[in-house]
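Pasting the structures in now, so scroll down.
Two complexes are shown next, each including chain A; its partner changes from chain B in the first to chain C in the second.
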Partner chain A sequence: MLQEESDLSLVIAQIVQKLKGSNLYAQLERQAWASLQRPEIKLQSLKEDIKEFFKISGWEKKLQNAVYSELSVFPLPSHPAAPPEHLKEPLVYMRKAQGSWEKRILKSLNSMCTELSIPLARKRPVGEQKELLNKWNEMGTDEPDLSLFRPVYAPKDFLEVLINLRNPNYENGDSLSFRTHLGLIQVPLKVKDIPELKEFFVELGLTTGQLGIDDSTQVPPELFENEHVRIGQKVLAEQDSAAAQQYIRQGSPTALRAELWALILNISSQPEDILYYEQLKTNVIQHDLLVDSLIYKDVKLTASNDDYYFVFEDYLYQVLLCFSRDTSVLGHFAYNSASPPKSYIRGKLGLEEYAVFYPPNGVIPFHGFSMYVAPLCFLYHEPSKLYQIFREMYVRFFFRLHSISSHPSGIVSLCLLFETLLQTYLPQLFYHLREIGAQPCKVSIWFLTHRTVP
Partner chain B sequence: MSRVSVPCHVKGTVALQVGDVRTSQGRPGVLVIDVTFPSVAPFELQEIMFKNYYTAFLSIRVRQHTSTHTPPKWVTCLRDYCLMPDPHSEEGAQEYISLFKHQMLCDMARVLELRLILRQPSPLWVSFTVEELQIYQQGPKSPSMTFPKWLSHPVPCEQPAPLIEGLPDPSRVSSEVQQMWALTEMIRASHTSTRIGRFDVDGCYDLNLLSYT
Partner chain C sequence: MSRPKNQNYKGHGLSKGKEREQRASIRFKTTLMNTLMDVLRHRPGWVEVKDEGEWDFYWCDVSWLRENFDHTYMDEHVRISHFRNHYELTRKNYMVKNLKRFRKQLEREAGKLEAAKCDFFPKTFEMPCEYHLFVEEFRKNPGITWIMKPVARSQGKGIFLFRRLKDIMDWRKGTAGKKLTSLEAPPARSTVNPSGSHDARSSDDQKDEIPVENYVAQRYIENPYLIGGRKFDLRVYVLVMSYIPLRAWLYRDGFARFSNTRFTLSSIDDQYVHLTNVAVQKTSPDYHPKKGCKWMLQRFRQYLASKHGPEAVETLFSDMDNIFVKSLQSVQKVIISDKHCFELYGYDILIDQTLKPWLLEVNASPSLTASSQEDYELKTCLLEDTLHVVDMEARLTGREKRVGGFDLMWNDGPVSREEGPPDLSGMGNFVANTHLGCVNDRNNQLRQLFRSLQNQKKVSS
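Take a look at the complex of A and B:
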């Protein structure tokens, strides 16, 4: 009991500390000061009256949503003796594997720089800045020569690293035994079996309504669809993030999806957010990064060639180029097993006051990265909102799909879950694929790293 | 609650195994670690902290000092505490753990020696142990202060001067002023921790290569 109470106080203190730096805190303060004019706020019961005012005016709900958001994103405080790297990834061998993988990426990027004699970053001359500003909304029409650039890595390279992941304390043995995993992933992470998955995804059960299944044309809408849409509208009217998250487990009506996702991620387009996006845009105009060429190449190779996504090409540049400049993304490395690459200002190698992260957001894009943004373009058409949604989804979910970690929602666990389920419930298919050299994970790695949202 | 680390001597692990260690195929599933406190008098144990390394279950036995002339006996204070919910998988395998005296089965008032019994029934792991073992006892209580006489024995209230007509009640005003002061102090004490968002150094972001360190 004692331990739980002190854990709770620690969580509360952590959340309060995080929220103190936010826009919401400043707004609440302003509202509190302004409310002193109101007749119902009495001096002798100041605290209680202001709390009541917040409840009635909807500000308490906004605070609730912000707290819920923090709880969803930030991991619970761990043991006080645990060092920060333990919070990123508790297993030492996985940390080491992630470190070596990152080193390979750095070497690859550095060698590309040296071969092409292009700096990692440079300030754009004024003329070039003006030119870029003019064609900001149609960067897709640009056809720069990207033939010399190559993606830093592709999902299949990453899969090779995952296949070779080994726990030094795990007895693999030379001969095939009960210890050997028949799939590609050879680390014994805990994955759920079907009964546990049934409990975890209880809303997908046969007796619960689900949009996409129970709203097909043969099913009368009075049975499920109408009521579910009505509840969705009510959830949006209440502006409650936690309720929206629960509601959406039974599917989201197409018309409400954009708003529901924004509510769950606690994204509301405030003037400050639009200003922040404009600031990022200015950063893109002023500085040219090598990473920009990688983004261009990736968009041209993937989304532009896709029947569904080619129309969104311009949006993709507007989001991804700004994303690379966003230093607020650095915060997620506290709970990501990955670490942001470092560099030094030219001529100041080794001097800590001239150390910077590269790119500013610490994320080096790989082949297929733009496909994380592409589906969101169907829902959001305003660039700053689209940007906010993508950034929040990245720091909550997408980063787990391309970093080596033991987290249950990480790519290693997902691959192992896929292989284990296939092996258990479709053993003949699994065996056949193995025999013809088409290991199931190799076939589906693109899908797993791109379309799976935990 | 303050706590003080107790210097301890951790003896080498002893494996318990049936049969001959050399010829047996399997690896031991039970290890025993003895912890002694050579330079410390019998103390009250507050907390045991360690980093797990693939141990599935932990039992702890303690030998305590007894006031009578009987020799101290071994008593089990923790039985089969689960560190890894599934001994065959990685969950909990490398976690930091703290065990407190209120979790123990017996009183931990005069500890002489501890014996940690580690169990790992799964044959999948090459070795298992616990690392960075630290034992804590209760820290010293805050020193008692002597209060000046007028604080500990306040003079009985004097009769307040009669209220002048039209002025508010002074005790009410003072409580309201107290509340306002508390609020202003809170606002003054809070500070934001937002980053400014700059990624360059004085407007310069000219970089050549990435650093490997």
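Take a look at the complex of A and C:
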């Protein structure tokens, strides 16, 4: 009991520390000072009265949401003596694999750089800056020559790396045995089986209503849909993040989806968020990065090439170009097995004072990266809000889909889960696919790295 | 059976009773070589006839109609895909005239409020005859943009925008000079383009010999609803089986056609920004042919619902229903309602930023050429369901409210979604039987429909 209590107080202390630096803290302080004017605030019961005031005015709810937001990315409890890299990834062999994968990506990027004689970054001449500013809302009309650029890697390259992952402590022997996995992923990670999944996704059970199923044309709306929509509106009125997350497990009404997601991610467009986005935009205007061309190429190859006409191409540039320059994203590397690539000022290789992260946000876009942003464009139309939503989703969820880790929501576990389920419940299909050379993971790697939100 | 042209024939052939008998095979004819041909060829029991053979069903083009309809005898069961004088609805100047007349009539009979329901077309003036009326209106609203459209051309040809009288004074001088010489497009016959879309409505029904090109000047909608910064219009399909009484079906599917470039009012010369016909967009340098620039209506409806909520979307779609019905009602008395005729119209609707729908025009020959796989499926299903409703196979009872993707929208009166006798009190919860942009589970519905029809037949025989 004592251990738990001290763990809890440690967590509280860490979160308080984190929130002290946030804008919310400053606002709460201001609000507290301003509330002294109010008649109901008495000196004798100052603390209680201010707490009560916060509760009524909705500020307590905002604080609650912020705490909830921090908890969602809070690392799992670990040994106090564990080094920080254990937070990123506890298994050594996984860390090593991620490290060598990163080296490969960087090599590829650097060689492209040398081949094309294009600097990693350069300052734009004033004329070019003006031109870009004018074209900001229609960058899709730009047709730069991208023929020499190639994506740094594609999901299938990444899959090759995953296939070759081996736990050195787990001896399979050279020959195939019944213990060898028939699938591509050969690491012994624990994945949930169907009973566990049923428990985990209890809201998808047959006796619980879901939107998308229980609001189809044949089902009268009184049975489920109307009530669920009403609850959704209530959740939004209360502005409760945790409640929204629970609510949405039964599906989100179309009209409420944008607001619900924003609430869950604790995104509200404050003036400083808009300013921050504008600052990023200025960075884009002033400097050109090599990764920008990779982004352009990716958008043209994927989102713009959609069979079903993707109309929001311009938004993608407005989000992704800014994203590359957002150094606040670096914070997520504390719990991501990946590490941001470092670049050195010319001539100062190895000298830490002259090291910068490249790209500034530490994330090198790969083939299909823009597809992470694409679905969000249907919900959010204000660029800074769309940006915030995407960034938050990336640092909470999407990064796990393209880094090598043992995390249960990481791509390795997802692939293994997929293969195991298929093998267990549809063995004939699994076997057939193997026979015809279409390993299920190979076939669905694109889906797994893009459509699953852990 | 049909008699070919130049033969004034009446009265030949078996006299048929009122009941429609099932035919062993249905002979069809068409000159279109696109999705329609695929659908017709795949229909069980339908055989193609070529050249001068006799036919039971003809999906004709309007030029053939103009030349031959009046001297073709058709048996009772024969069906043809156009009404003789469809241009009352589909030629821009006639449509405007009919709508204006109908509006006046409504105002007399039912008051200003009811007449206001006809205010879905922007102020339009026929040129050159209403030129002076136009100038009056122009002077009342300085600085707004107007659009000039030729009445009888399609695919975006000949359209231009203007803001100054000077621009059209030059044009007027130009046209006046061209009055006696042929204009840019071939005026009389429309050549059937085997590979191209078939929106060509030639300047048919000319009373005078000289092919004078008429235009309409219309107030340009400067605040269109934009998606992704782009302008778009909606293509909706309405099937009219008869005008007297008025029987019209609305297809659930359709699409939004996007302009490939971002919308701005600053360059009214840039055709590519403003005109959303696929034909025009296809020539834009940004256009990628394999993709097309269309959204299915279901996606459009869902997108709007996520942005504005379900109620606003309901209102918009019911306003669109109003457009379809009122436009058809306005020509009800002038169109020759021949029982052999049916027509599949392509309505072009523009939505503005206040979510008000505007009628741009009605096409009698909407393009049946597919621009993508998705488009191919839509048009194939549309045509299959059209043929189901036309019912050459005499399977339907005539009391159906839904056939595949078609919902019966008007049956000599509004059609309600609810079963049972209509609530004629005018109040109450009348919900129209339209499902534009909604789920189209036509396969299921058709399966159930034909199964139950078969059972009914078994019972009654």
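Following the convention adopted for this analysis, the second predicted complex is superposed on the first by the 447 of 454 C-alpha atoms of A that agree within 3 Å, B and C clash if a C-alpha of one lies under 4 Å from a C-alpha of the other, contacts with A are read in each partner's own complex, and residues count from 1 in each chain.
Operating definition for what follows: contacts are C-beta pairs under 8 Å (C-beta built on N, C-alpha and C of every residue); 3 or more make two chains touch, one makes a residue touch a chain.
Keep in mind that what you see is a predicted model, and the values were worked out from it rather than measured.
After overlaying the two complexes on the shared chain, residue contacts for A:74 are found with neither chain B nor chain C. Touched residues of chain A were counted for both chain B and chain C, and B has more of them. Once the two complexes are laid over each other on the shared chain, residue contacts for A:149 go to neither chain B nor chain C. By the touch criterion stated above, A:360 is placed in contact with chain B alone, chain C being left untouched.
Of the two partner chains, chain C is the only one that A:306 touches; chain B does not reach it. Once the two complexes are overlaid on the shared chain, A:136 sits clear of chain B and of chain C alike.
Residue contacts after overlaying the shared chain place A:446 against neither chain B nor chain C.
Look at A:255: by the touch rule set out above, it reaches chain C but stays clear of chain B. Once the two complexes are laid over each other on the shared chain, residue contacts for A:90 go to chain B alone; chain C is not touched. Those residues of chain A that touch chain C in the complex are listed here as 137-138, 141, 216-217, 254-255, 257-258, 305-309, 311-315, 377-379, 381. Residues 227-230, 258, 261-262, 286, 288, 291-296, 299, 302-303, 305-310, 372-374, 438-439, 441 of chain C are the ones that touch chain A when the two sit in their complex.
Within the complex formed with chain B, the residues of chain A that make contact are 2-3, 17-18, 20-22, 25, 29, 43-44, 46-47, 78-79, 81-82, 86, 90-92, 103, 106-107, 109-110, 113-114, 119-123, 167-171, 179, 187-190, 276, 279, 283, 287, 325-328, 341-346, 349, 353-358, 360, 406.
Those residues of chain B that touch chain A in the shared complex are 49, 51, 53-54, 85-86, 88-91, 93-98, 100, 102, 123-128, 132, 172, 175-176, 179-180, 183, 187, 190-195, 197-201, 204-213.
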